[in-house]
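Listed next: structures, encoded as structure tokens.
Shared between the two complexes below is chain A, which pairs with chain B and chain C, respectively.
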Partner chain A sequence: MKHIVKILSLVIAITALWVGLLQTSIIPQSHTWLLPIYFVVSLGCYGLLMVGVGLMNFPTCPQEALLLQKDIVEAKEYLKQRGVDVSTS
Partner chain B sequence: MDEQHQKQKNKYSIIVPTYNERLNISLILYLIFKHLQGVDFEVIVVDDGSPDGTQDVVKQLQQVYGEDRILLRARPRKMGLGPAYIHGMKHASGNFVVIMDADLSHHPKYLPGFLRKQLETGADIVTGTRYVKGGGVHGWNLMRKLTSRGANVLAQTLLWPGVSDLTGSFRLYKKSALEDIISCCVSKGYVFQMEMIVRASRKGYHIEEVPITFVDRVYGSSKLGGSEIVEYLKGLVYLLMTT
Partner chain C sequence: MELADRAVGFLLSFISLSIFTYYTFWVIILPFVDDDHFVHKYFLPQEYAILIPVSAGVALICLLCIFIGFVMLKSKKKKA
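Right after this comes the complex of A and B.
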């Protein structure tokens, strides 16, 4: 099944739930009408939160840059001795 | 014991697409050979007619490491990443294919980890992820981290891909799996990498992840531009509709 079909089914299920709530008036109608807006806003906030949290916890590795520089020096020496052109131009 | 026996029967074809990577290709080949001692592998360099002499350097490296270990399979001009992999695969004699970048952002020291993970789990695909503990990036400013994180959250929400790093291109595939997936992928650039892993996930392939560190390129110019955001969004919508 295509992914978009899965998502649309989910949307339809939620919409059906919403319509059901409207008709049976478990929650006052005035509130129910606003539920989709609350849902979209919450989703947006959740997304922003995830981005923020991810940004704060973004794994970094400054030591890797140093290790890489060492590797580069080692590689250049080895290859230069064996006749490989390791210049940049 | 069984793992060791299995390891001996496996051959790994490492495909490295290059364009103007005259210095990087030497460095990366040195590091690959350093970290994969005792492993049966070959490196296939797919160069798109680099004007900076990359191919001449590759020929020199062939003298050092052997023409049976380094295969130069060039093309006349830039013809895209997907076609580069397909071209490389035609000449691959291994039963596994590794794809990686030539610019040292993917460090060959992680290769043994990829191989080990695959042997342990029997996975069809092992993909490197920069976004989990043990992985990481260096050389990215705040803006780049923000776009990366935003892009990832959006993709995770829309696509439920089952992997943490969608745009990564440091991966190990079973050759049969790669051939199967690549035949249905049509995107270009890094959206292509996303399409590959999402299609693999949809098809039910067993995918494992290993943390990798990504050091932004040291030499040369990056191929990443400004219109990438638009391309990315278009790619997401395309993947949403067709996978």
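Right after this comes the complex of A and C.
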């Protein structure tokens, strides 16, 4: 409930700011009408940019991958000795 | 495989940056440019600056609702 109230108050504050900008014409009026759409589009763009940047800097750790493969082989041998079926299916 | 990841990440960020600069130019800078400048050739008329994002958002919401309805129907059919 508190979360919804917080989000609603944020939306109301932004709407009040926009209406205030419309009334007092600090920015030319035609620009003020397009501001909400512009901000939504730029927010989507920013999210996409963060995803792209995160993808580019993703760490892969090749040594850990090799160690993991060795661990898997060891575990398979161990379990086969004890009679557990570990075929890949 | 990390090269493919890096390529996809670079492509995504390039697309997002180009969309951002094109849209900023369209909405903010173009109204201040005189009407017979050659730059106006490269940009669609200003109504499309509102139409395209709004229609894309509506299409996204419709697809979301269809997907949710589909999943709900499938789960109900499996239970019955």
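Quick note on the criterion: the second predicted complex is superposed on the first by the 68 of 89 C-alpha atoms of A that agree within 3 Å, B and C clash if a C-alpha of one lies under 4 Å from a C-alpha of the other, contacts with A are read in each partner's own complex, and residues count from 1 in each chain.
Definition applied: contacts are C-beta pairs under 8 Å (C-beta built on N, C-alpha and C of every residue); 3 or more make two chains touch, one makes a residue touch a chain.
From a predicted model like this one, the values you see are computed outputs, not experimental measurements.
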Chain B versus chain C as contact partner of A:2, first or second or both or neither: first
First, second, both or neither for A:83, with chain B first and chain C second: first
Touched partner set for A:72, first chain B, second chain C, both or neither: first
Chain B versus chain C as contact partner of A:42, first or second or both or neither: second
First (chain B), second (chain C), both or neither touched by A:34: second
Contacts of A:54 with chain B and chain C, given as first, second, both or neither: both
Which partner reaches more residues of chain A (counting touched residues only), chain B or chain C: B
Which superposed partner A:17 touches (first chain B, second chain C, both, neither): neither
Chain B and chain C contact sites that coincide on chain A, given as residue numbers: 51, 54-55, 58, 60
Contact footprint of chain A on chain C as seen in their complex: 1-2, 5-6, 8-17, 19-20, 23-24, 27-28, 31, 49-50, 53-54, 57
Residue ranges of chain A touching chain B (in the complex, touch as defined): 2-4, 7, 47, 50-51, 54-55, 58-62, 64-65, 68-69, 71-72, 74-76, 78-79, 82-89
Chain A residues within the chain C interface of the complex: 28, 30-31, 34, 37-38, 40-42, 45-46, 48-49, 51-58, 60
Chain B - residues contacting chain A, complex: 22-23, 26-27, 30-31, 52-53, 56-57, 60-61, 63-64, 104, 107, 130-139, 145-146, 149-150, 152-154, 157-160, 202, 213, 215, 218-219, 239-243
